[in-house]
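Naming follows writing order (A, B, C, D and E), and every chain is counted from residue 1.
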Amino acid sequence: EDIKLAASLGFTGALESLAPDMLGGAELAAKEVTDSGNLLDGSTVEIVQSDSTCTDAAAAVSALERVVAEGIKGIVGGMCSGETIASLENVAVPNGIVMISPSATSPALSTIEDQGLFFRTSPSDARQGEVMSDIIKSRGIESVALTYTNNDYGKGLADSFQAAYEAAGGTVTINAAHDDGKADYSAEVAALAAAGGDALVVAGYVDQGGSGITRASLDTGAFETFVFPDGMISQALVDNFGTELATSFGQNPAAEGEGRDNYIATAEAAGFDGSSAFSAEAYDAAAMILLAMQAAGSSDPAAYKDKVMEIANEPGEKIMPGELAKGLELLAAGTDIDYVGATAVELVGPGESAGVYREVEFPEGELSVVGFH
Amino acid sequence: MDILNALVAFLNFVFIPAATYGAQLALGALGVTLIYGILRFSNFAHGDTMAFGTAITIIVTWGLQSLGISLGPLPTALLALPVGIAGTAAVVLLTDRTVYRFYRAQRAAPIILVMASVGVMFLMNGFTRLLIGVDEQRFADGARFVINVRDFREWSGLTEGLALKTTQALTLVVVVVVVWALFWFLNRTKSGKAMRAYSDNEDLALLSGVDPERVVRLTWIIAAALMTIAGVLYGLDKSFKAFNYFQILLPIFAAAIVGGLGNPLGAIAGGFVVAFSEVAITYPWLKIAGYLFPDWQPDGLLQLLSTEYKFAVSFVILIIVLLFKPTGLFSGKSV
Amino acid sequence: MSTNRQAESSNPWRAPILFAILAILFILEGSWRSAMFSGSWNTSLAILNMGLISAITALGVNMQWGYAGLFNVGVVGFLALGGLAPVLVSLPPVDGGWSSGGLRVLTALVVGLGTLGLAVTLWQRLRRGWVRGLAVTGALIAGFVLYRNIFDPAVIAIEANQSAQYGNLGGLGWPVLISWPVGGLFAAAAAWGVGKVALGLRSDYLAIATLGIGEIIVAVLKNEEWLARGVKNITSIPRPVPYEIALQQNPEFQTAAANWGFPLAEASGIWVKLCYMSLFLVVLLSIILLAELALKSPWGRMMRAIRDNETAAEAMGKDVTGRHLQVFVIGSAVIGIAGAMMITLDGLMAPTGYNPLRYTFLIWVMVIVGGSGNNWGAVLGAILIWFLWIKVEVWGPSLIGVLVTPLPEGGLKEHLLDSAAHMRFIAMGLVLLLVLRFSPRGLVPER
Amino acid sequence: MSDSDADKAFGKRGNRDASIVNPRPPGTVDGTRKSGPTGPGRAGDPFLIGDGMTGGYGRGPDILHDCTIAVEKGEIAVIVGPNGAGKSTAMKAIFGMLDLRQGSVRLNGRDITALNPQDRVKAGMGFVPQVNNIFPSMTVEENLEMGAFIRDDDIRETLQQVYELFPAVADKRKQAAGELSGGQRQQVAVSRALMTRPDLLMLDEPTAGVSPIVMDELFDRIIAIARGGLPVLMVEQNAQQAMMIADKAYVLVQGRNAHTGTGKELMANDEVRRTFLGG
Amino acid sequence: MIRVEDLHKHFGGFRAVDGASMTIEKGSITGLIGPNGAGKTTLFNVIAGVLKPTSGRVFMGDEDVTGLPPHELFHKGLLRTFQLAHEFSSMTVRENLMMVPGKQTGETIVNTWFRRGQIDREEEALRKRADEVLDFLTIRHLTHEKAGNLSGGQKKLLELGRTMMVDANIVFLDEVGAGVNRTLLGTISDAIIRLNKERGYTFCVIEHDMDFIGKLCDPVIVMAEGKVLAQGSAEGIMQNEQVIEAYLGRGLKNKEMIGA
């Protein structure tokens, strides 16, 4: 059989720079599985692209309708929460296709009516807010300014953080949105600087407004200490700012262990940046769809949707990135597996990643991990 | 002392950033206005052509850097700029030749030209991405600061710091030079006068022996230079990202309209009006008030509106400006 | 100019032929699986439905531009405002939303509007001079402070109410179809305000004012959570048509689907889309009917006269500003209706999606490509451009695939293939330029 | 100004939004056209002759039908005729602003039919159109400089001569031409054409809307110019005065030569006077 | 009929109309002449509501109409033509006429949906009236021509025709003669006289052709530099030294060079 999976990602539009590495992840998984020849008696897997544009729900839906017509058996995506919800409600549910999003993190997706078809390999932002609050408190910082990218991700994260932080006795001097892709962030930085605080929490995207805000804050001397959540933590951040982040820190979902490192290395060999945000999650999403198919012995979404939770969680043999062939073999043999993958997948509740976060610092212009939460 | 602190805070967070941004917008608006005045349509491809010119400049800059050539404290991109301008001019002339000239000869309604420019916008958009990709690119090198916050604090003994980046200083200087050169060109040289004459009355310019196609070519070349310079300065100061150059189109048009379309002086003023209204209106005055009235302890941030509305507010300002100056800031004289 | 218009005499068959070609495109899309087409009726109908909504939007823009020469660059704003209607009309009310601060918010809004009204009255009543300036400024500041004092706490209270799931006021729980005209009303009200300020002044005002209102409306939708949850989005907006899942479980439908020979899931999708399509067609055709009736009567003649020569029309007793306001409001209302329909179709309100490229420029392209001033042209342009906008996503990469075949394997080829997604824009640009080249007055020129 | 030019914006159509397109009237001549080669003239030609011209605008119907207009050195030739007869069209045809379908234009012993207007200026022709004949936002002096655009030599002397010829123009030299009154504009327009140092001056209704005193002034100048050796070809509706000064006069009707003769002859012709000159 | 009191209209610092006062009597054909730039057109525009005066008042009968917009003045019976013809160029000649009458049922958008019958009846009546006007102006053969294709003089006739579609009180004509063939101008002046006699229109006419003014107008008002310079009968004005000095001139100086 020739199995097609859709990669519904924003190849054009506001987050177009993240999409290629995410696609790379999904394709890597597909290639690994195809090459192994172990899936459902030697089926091959092909990834078809569907441009979700990240922001235009209608275009995302139309594009997805099209690939559904091509007979896809599962969807890796969508990318941004808004467009993901639209695709889920308008395409995936009506057509009964499984959808695993690597990056849609809005808490709203936890409660959505999904007929058991929707999963995600990233945790809900509700959790990260709490983790971030703990980290900041533990460093003895009592007041912060907060800026977030103005979408459901940024807003949700900012709100959950503010609630957690204030409950723990901290002060948020200002909670201001910034829009991505704007020409200039002077006004935002001026406002943040005027409000003051011991640190600035930048709940944004590293190659979007988040970096712009950080840059301008450093240049004008508005803040010296920054707190970065997942949208910001990446090699690009270190490249951009180097030693200027000596006192800054942050956290992002990333499990302990060699899974992630393996993945990054493999990705580099395959010619893309595996440490780019949500690239690993995309790999895991694709891998999980394929493993679930194997577990169900069928590529029919109605059959394999119930297997996703099984292969993702304990009990079973741990499967790391690069070991998909082994996983398929085990499943074919009827052995239970526990897919760990590049992001230490552990699905909880309605099928979303439980979320292990690593705490990082940037001494001497290098990213270094100081602990896990 | 406190008054000085207040002043420095204002300069650092409002004045210098807004002036830089305003200068970048002004250059963009100048190009828009020039094309509007002479070719008679609003060029929607402006932002994406800026991106294209910048992309060429960046690639050349990389080449120079890899050869070890640099400009000392100034960004190497300045050396690459002429190449960028030449490349952009070539591309723009090619589009004129293949797209706009047809409609000019047909005397098509100008809205058609506007829509054709939307088509060109899509093309440029795609080509830029093919050329340099979608990622963010930083290409500023050389010294980062003329004055930085820490040095300023030490030197002045104030609590507030003041920073002036090389790129900011560069932007302001370049804008002054470019604007002066443009005005000198338009008002003093024969070719400049031919351009103004053509803009004023096409047929009569023809009857005076002006070659209209030469004027058109000249306009595109100057516009290409303005676009590339604006794009590179903007990219140096912020960073290069193809998508942002589409986003900057809106404020550029706003600036050009407020200034009175077709009017170069207006374009410059418009750029600064837009920039300052964006930054100043949403500024929380708490800190400055704190310096000026140390005893007053307001509970809010003294922010008129939150920054989410900065763009919206700047439009309201623009409408108010227009209500008091119904023909734009500088009407009458045009390109 | 005039000559070149006369020469291109309009062929009465032009529009029907073009519509037939368009129909064939959709049929191919629905039935022929190939490199060019998906061969799925679901895709075909999905494109068509969105195309119909675009057509209604384009009709609204065409009324403003084609009939009256008004340049509206805030299409996205009116569309978004219309989209607010389904949220406020058809969602069930949120428990505790109203009691936590609903009335106070309404009071605050009344205070805000009252302040503006007061300021305008003062401006008109008082004599020119510094007293007037002072009085107006004073009234505005006082009003603003009062407004913020009532508004802010109320909003905080509402947004705190079950903020993860709601945090908004919710709607009235009425049938969603009612929200379509309501969306029109919303947009019309905003247009009236904009028109009052900007029309009758230099035409640039309208451009700036609409550009601004577009930004403002979208900013409000993004940031005013109490209204429609802002960027946290509203999902599961009720539908006027059955749900696929319900159909799939309905035995009658199951047998019907079997009779047609379609798989159940596919059949349910097609059925739902057909339902939407009929609703949209009814709206579209009624709007066209009303518009054509108006155009082919003294009102239309008056509008043509105004567009032709404002000064002379004014001297011949026509209230040019009044008519402009009328057309602007009506056109915006039509856009608002389309906005409400779009949200109904999407079932989702995500304000971050309202970007001007897609909802202002693309609509303009539709109107101009179709032929401004001509209702059928606008419809044709809208559906065609929407079709292409969706299809170039496929055609672009295949195009680049064909283009690079002669290239040697290596970095450049790799790079080009990687960038295939951006071919969408290049292909779109090419299509647009080609259409404009071969029919520079639009596909179906006016008259 | 206020109520005249403003609404021509889009070829007299609506959609005149100033925020996307420049509302100033666009040109009517295709500036992209390239010149063809010039040919030899014919023996016995007058200084300028538009010979057997037939043609119209764009792809529209013929407006001129086998129409011939000529002028000799030192003479004034006047074209009169009813509105819409094709007088302005004939002038434009001679100047290459529309394609001739038949006939030729010969100047000073050369066949210039294939030249575009820009090159005819270089060949020594000066033209003052009926409307839109100044650069409104440029100063009067800049208007004159534009007149001298094709010249590379020192223009100060010519400038001085023109100022002497038109003192009213000299007074306003620093003012934007668009701020002048109708009569002054006409003088600027004629001055601009003179700055080219043309070998031939063509004027399309230079006195329309001009007060009697300024009209006399203009006619005086035109006579002086012509007698200075520069041939003048002009269209006039103030036929009675025009006929008085005309060495040669053409009556055009529906694009054809209806009557030709000296001004005095035509004035003496009763039928011509009644039907065309309003006598 | 129309009384103008101490009217000023300044553009920036420039005083285009500088304290003009005049009265246009009911039933008269008043001429308005003056050098180029005297402010005649500006005065017209102020009276017709196109421009707002800097100061001064305009009365129509006893009513103060200063600053009313043009379309309201139209409904009070004040009509005007333009110095350069302002036809609706993309509409036919007949449509140009039919659009003139105000308060048509079919001009209200709701009526176009629900009252087609009445609209059709009104249109029929309008069409008839338009054809009568075209007959009167002797351009019936151009009924279906696009107005933009008319020649200069025909456009001026059409402008005049529009004033006949409704019952006007006063008509302002701005240089109907400029660029118009003198023979055709005779037809136009006949038409003006007939309208004045048969329908009792009051006219105010700007013109530079003194034959035309002399034949048609009484009284004649002379403006210069934004002020009223003189006023009186046509013959009287043409003898007035000041007027000759400022406006009429004394004929050609280069007479001796003619007809060499």
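The working rule: a contact is a pair of C-beta atoms (placed from the backbone, for glycine too) under 8 Å apart; a residue touches a chain by one contact, two chains touch by 3 or more.
Just so it is clear, the model here is predicted, and its values are computed rather than measured.
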| item | value |
| --- | --- |
| Fewest touching-chain hops separating chain B from chain E | 2 |
| Reference chain E; chain at largest CA-centroid distance | A |
| Chain B-chain D separation of Cα centroids, rounded to whole Å | 43 |
| Approximate Å spacing (C-alpha centroids) for the pair chain A, chain B | 36 |
| Centre-of-Cα separation between chain E and chain A, whole angstrom | 74 |
| Touching two or more other chains - residue numbers and ranges from chain B | 107, 109, 111, 114, 133-134, 257, 261, 306, 308, 311 |
| Junction residues of chain A, two or more chains touched | 16, 20, 150, 177 |
| Shared interface positions of chain C, touching two or more other chains | 1-2, 4, 202, 204, 207-208, 222-223, 304, 308-309, 311-312, 372, 422, 424-425 |
| Chain A contact footprint on chain C (complex, rising order) | 33, 38-40, 42-43, 46-47, 50, 163-165, 222-223, 230-233, 235-236, 243-245, 265-266, 268-269, 272, 342, 345-348, 350, 352-353, 355, 358, 389-390, 393-394, 397, 418, 421-422, 424-425 |
| In the complex, chain C residues that touch chain E | 2, 290, 293-294, 297-302, 304-305, 308-309, 311-320, 326, 330 |
| Complex interface listing, chain A residues touching chain C | 11-12, 16, 19-20, 49, 51, 55-59, 61-63, 65-66, 68-70, 80-83, 85-86, 89-90, 93-96, 106-108, 111-113, 115, 126, 150-152, 154-156, 159, 177 |
| Residue ranges of chain D touching chain E (in the complex, touch as defined) | 2-5, 7, 12-13, 81-85, 130, 179-184, 205, 208-217, 219-220, 223-224, 227, 237-241, 244-245, 247, 262-264, 274-279 |
| Complex interface listing, chain A residues touching chain B | 13-14, 16-17, 20, 150, 174, 176-179, 181-184, 186-191, 193-196, 207, 211-212, 215-216, 219-222, 236, 240 |
